[in-house]
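For reference, the structures are reproduced in the following blocks.
What follows is a pair of complexes built around chain A, which joins chain B in one and chain C in the other.
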Partner chain A sequence: MDLLEFARGPALQWAAYILVAGSIWRIVGILLLKEKSDFSEPRKRAGLGSALKVVYTRSFTAPPFAKATMYPKMMAYVQHVGLFAVVFLFVPHIMFFKGFLGFEWPGLPNSVIYVFGVAAVVASLALLIRRVTSPVLRLISNFDDYFSGFVAILPIATGLLIPVRLGIRYEDLLAIHILSVVLFMIWLPFGKLGHVFLVFITRGTTGIAFERRGAKT
Partner chain B sequence: MKKTPTVGEILQAKGVSRRGFLKYCATTASILALPPSMIPRIAEAIENARRPSVIWLSFQECTGCTESLTRSASPTVEGLIFDAISLDYHHTLQAAAGDQAEAARHAAMEENDGSYLVLVDGSIPLANPGYSTIAGISNVDMLKETVAGAAAVVSIGSCAAFGGIPGADPNPTGAVSVMDIVTDKPVVNVPGCPPIPMVMTAVLTQFLTFGTLPDLDKHGRPMAFYGKTIHDRCYRRPFYEQGRFAETFDDEGAKAGWCLYKLGCKGPITYNACATTKWNSGTSFPIESGHPCLGCSEPNFWDKGGFYEPLSTGKFDSGERLAGAAAAGVALGVAAAAAGRRKQSKFAKEG
Partner chain C sequence: MTTVDGRHKLDREAERLAYKPPEVRHDKQGDMDSNERIDKAMWNFLKNFNTQTASYLDGCLHCGMCADACHFHVRTDDPQYTPIWKIELFKRTYKRNVGPFAFFYRLLGLKRKVTIEDLEEWQHLIYDSCTVCGRCSLVCPMGIDIAGLVSMARHGMFKAGLIPHELHEVAKRAAETGSPLGITPDKFEDRVDWMADEHDVEIPMDVDKADVLAVMSSIEIQKYPQSIAATAKILNAAGESWTFRTDGFEATNFGLLSGNPEWQKTASMKLIDAAVKIGAKTLVLPECGHAYMALRWMGANMYGKPLPFKVLHISEYLADALNTGKITVKKVDKSVTYHDPCQVSRRGGATQAARDVIRHLGVDFREMEYGGDYNWCCGGGGGVVTITRADPLRHRVFKLKMDQVESTEADELLSSCANCRQSFDDCQEHFGWDYTMGSLMEMVAENLEEGQS
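Moving on to the complex of A and B:
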């Protein structure tokens, strides 16, 4: 079995097991926690609408902080939109998803994907530089912040190397790329990358709690 | 040793013009990435070379490699060059049979000890020597005996080079490649199912010209032919970059010649010269004929997933194990939540 066969086969397989088991563990473990008793009279009826509202409103910065957070917010958007496009709109990736979902969707030309990929890498580096140069951010950052950022951007960087080659054989680069995705899948449930599935749960929970207390959301 | 005619004399006798011969030399120099200054040297070497003795051994194979060689459009200079070697043993092509054939092999080995070439097509079964025999001799014994006095060995086709289809899972005959057995002689792999005739003749031409074997890649293949992927040199590559793909074999995309990636093309991971050298006197190659590359010149190509599955498809097993992982996740989550609740209650009491 060569490296590519290992990456496409057992490595991806086990990464999928860990991703599924780890993600469900985190979600179920959080959802089944006991809710804190609240003896106060609710100001408003809170429900799904309250949750969805905050999921949406927290996608934008509150006006008082808009100027201060403009740079990281912009970079984070570029990073996330870039990641989304590369992962879900690159045709070979769509074929990967089709392999187990059974359906596909339209993709983008490779040249457009390369632009998104490079933008995502540049934005990630910009955010990293900000993190290490800001005394406050540096103080509150831990291993998880740095490692999660590294694990998230590694598949994009290795994927961008495939057409460039740099003297490395295509199948070796492809194997390295897939292994970087394997690392991403394994780490995702356990570190801050877990926000992929937790972000909506936490925002929704916050929305319901704030609505109940009559806070402006 | 009897006086054998030179290759030049044979080509002349076959009616090959000087222009045609030099054109062949120039093409060969170009393919082998040699400077134009080497063309006269190639021509001189080929013209003056004595016919090298070649022993062709066919083991677990389908004769497709021999077919490829003999079906090359005739008459080509490459074909004549092949006529110009002394093919002393090839049990598909030779007239002799039985003891006579074996006697021819032994005679060639004795007369050309240390200088003959052994060409092998087919894999070698090790699970049981009786699975494949020639004149009552097992393949592995015949290979070991024949290569003992050889200058070099050329594995023709993917079966000889990597085990090929006989070596595919579950490999019932215990098929192995030539390289698995021959470790003390130079071995050149010319894989493909079958390989391109020009590639076979070019390897022999280099041996005739320089007395050396070509530079090889990590799989023992000549870099001149196996240095680039099919994808790198594919005329459909621009469509890949544009995101234009044939969805089925007869849709508008297929008719327009769009990329065959979605139909399972293995061109991106397949190193071969099909896209440039082509087949049938440069007429076309599989992708040009509308079929995705199967990756037949790569090791274990038969076991690398479905031929018609896109390359990026993961090799997952059934969903049962994934469902098991999900169930394990639920169990872990419930256990974690229970532990969390106990902690919550403890804090509430202390609180």
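Moving on to the complex of A and C:
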């Protein structure tokens, strides 16, 4: 078994198991905590709609904070949109997903995906620079912040290197790329990358609790 | 010629020329050993965990945006005042002890155990520099209610005997006497009688059956007693069957502010029992922010079932009475701006009520820039105004509020919280500021239509 076979085979398979099991463990560990009844008389009805509303509205910054948070917000948007485009709109990736989903969707030209990929890497580096230069972020950051940033940027960076080659065999570059994805999948449930699913719980529960009071969400 | 910074005293005992380091107070109550304090702090923080709070501690991205929403950080640029940092110890303990991956964190030593020195240092962050105003909760991209977590952290700090002495003393006095300022039922009755005479208004006291139970805050009773008369004038004008009660008159809840759920429950139950006893349909809370949070949104949970009466902040009562024509007011020819009490507006959901009242008063209303739900806190909420050692920081933070008020160029500044009013009065004196905070309710009472007052 060569490196590419290992990456495509057992590595990816076990990473998928860990991704699913770890995510379920983390989500269930949070959802199973006891909930106390709230007996206060609600000002407004609050339910799934309130949760979804805040899941959507917190994607945008409220006007009073727009100026102060403009830079990290913009960079985070570029990073997330870039990541989404690269993962889900790159034709070879769509073919990969079709392999186990059984259906496909239209992708974007490779040149466009390349631009998205470069933008995501640049935005990630910009956020890293902010993290190491801002006194606030330096104080509150821990290993997870830096490692998660590294793990998130690595698959894009290795993917961008494949067409460049740099004198390395295509098969080896592809194997390295897949292994970086494997690392991403293994780390996601355990670190802050888990915000991929936690964001729905945090925003949603706040939405329900505050909407119930009629308070600003 | 320059002068030496007078904040630091010359150390006359030192062998070389030296100035004493600034004194840092780490207050402690009780005689527990350090391990017991740590265990109590963490257990009492963790024991009320639910899905929401666990996801908050697990979901923080460490983006630091909350720093830009906090008045303490904005005015000082000191990173330690970043809101999410204020609960760092508790976040660490959650991940180390009860989070989904606690086993790995402990096994690999990824989260250091909290020490007594950590907790002592955090006392300043949990109490002196957080008013639980919740402005940070509105900027968080994950929607984390950081203010709610600080309140939970206070539960731990209180049980560990690690809260500022001033706040502890005030809360203890409230638990022992029923009032943080030591106002006994007899004294309350005296003040009510005095106000009834002074303002020539009928004030029912200890009526057996009434539809409305009105309560006051000690700050009003002691510092702004005219609020008692204003409340009476309004409720009389509305034709309510109402009463004050000597067995349930104190609205403030220092159990909530200090972080002691038992004292919080005792204070809430006094009001609930009094309202139930007289068969009240409505309990009207005074101009007090945290009293609204304590009874409107937490009272039923202390009671263990839905309350058999409605709970209204006085601004909500006024809005309803004016909107339905129960009372009418004369137009007031003034420009007015309004300071929103955080626990009533941003966190309580009653932002519109005060604006309805102001509309009926017909004033030239000048909303502050980003007023309402995004309002800057006065800096004295969450019990901070009682903590004397926090005064310099609180005064520094108040500058934001001064700028916000001054930019409206309004004739009058109003609010609907006696605690904010106290904080404004203190800062007015400190800065020699022109603006004096007035009461929205008192403006209504002073301008009731002829025949109503």
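Please note the rule applied: the second predicted complex is superposed on the first by the 214 of 217 C-alpha atoms of A that agree within 3 Å, B and C clash if a C-alpha of one lies under 4 Å from a C-alpha of the other, contacts with A are read in each partner's own complex, and residues count from 1 in each chain.
Heads up, the rule we're going with is that a contact is a pair of C-beta atoms (placed from the backbone, for glycine too) under 8 Å apart; a residue touches a chain by one contact, two chains touch by 3 or more.
Since this is a predicted model, take the numbers as computed values, not measurements.
In the superposed model, A:R26 lies in contact with both chain B and chain C. Shared-chain residue A:R8: touches chain B; no touch with chain C.
In the superposition on chain A, contact is made by A:K34 with both chain B and chain C. Using the contact criterion defined above for the overlaid structures, shared-chain residue A:F103 touches neither chain B nor chain C, since it reaches no partner. Number of chain A residues touched is higher for C, counting chain B against chain C.
Once both structures are placed on chain A, chain A residues 25-26, 28-31, 33-34 are touched by chain B and, in the other complex, by chain C. Those residues of chain A lying in contact with chain C across their complex are 25-26, 28-31, 33-41, 43-44, 54, 58-59, 61-65, 68-69, 72-73, 76, 134-143, 145, 190, 192, 194-195, 198-199, 201-207, 209-210, 213-216. Put simply, chain C touches chain A in their complex at residues 48-52, 54-56, 58-65, 67-69, 73, 77, 79-80, 82, 84-85, 88, 99-101, 104, 110, 137-145, 296-301, 303-307, 310-311, 346-351, 370, 373-374. Across the complex, chain B meets chain A through its residues 229, 231, 240-243, 245, 261-262, 268-269, 299-300, 304-305, 309-317, 321-322, 324-326, 328-330, 332-334, 336-338, 340-341, 344-345.
Only residues 2, 4-5, 8-9, 12-13, 16-18, 20-34, 91-93, 95-96, 98-100, 107-111, 170-171, 174 of chain A touch chain B when the two sit together in their complex.
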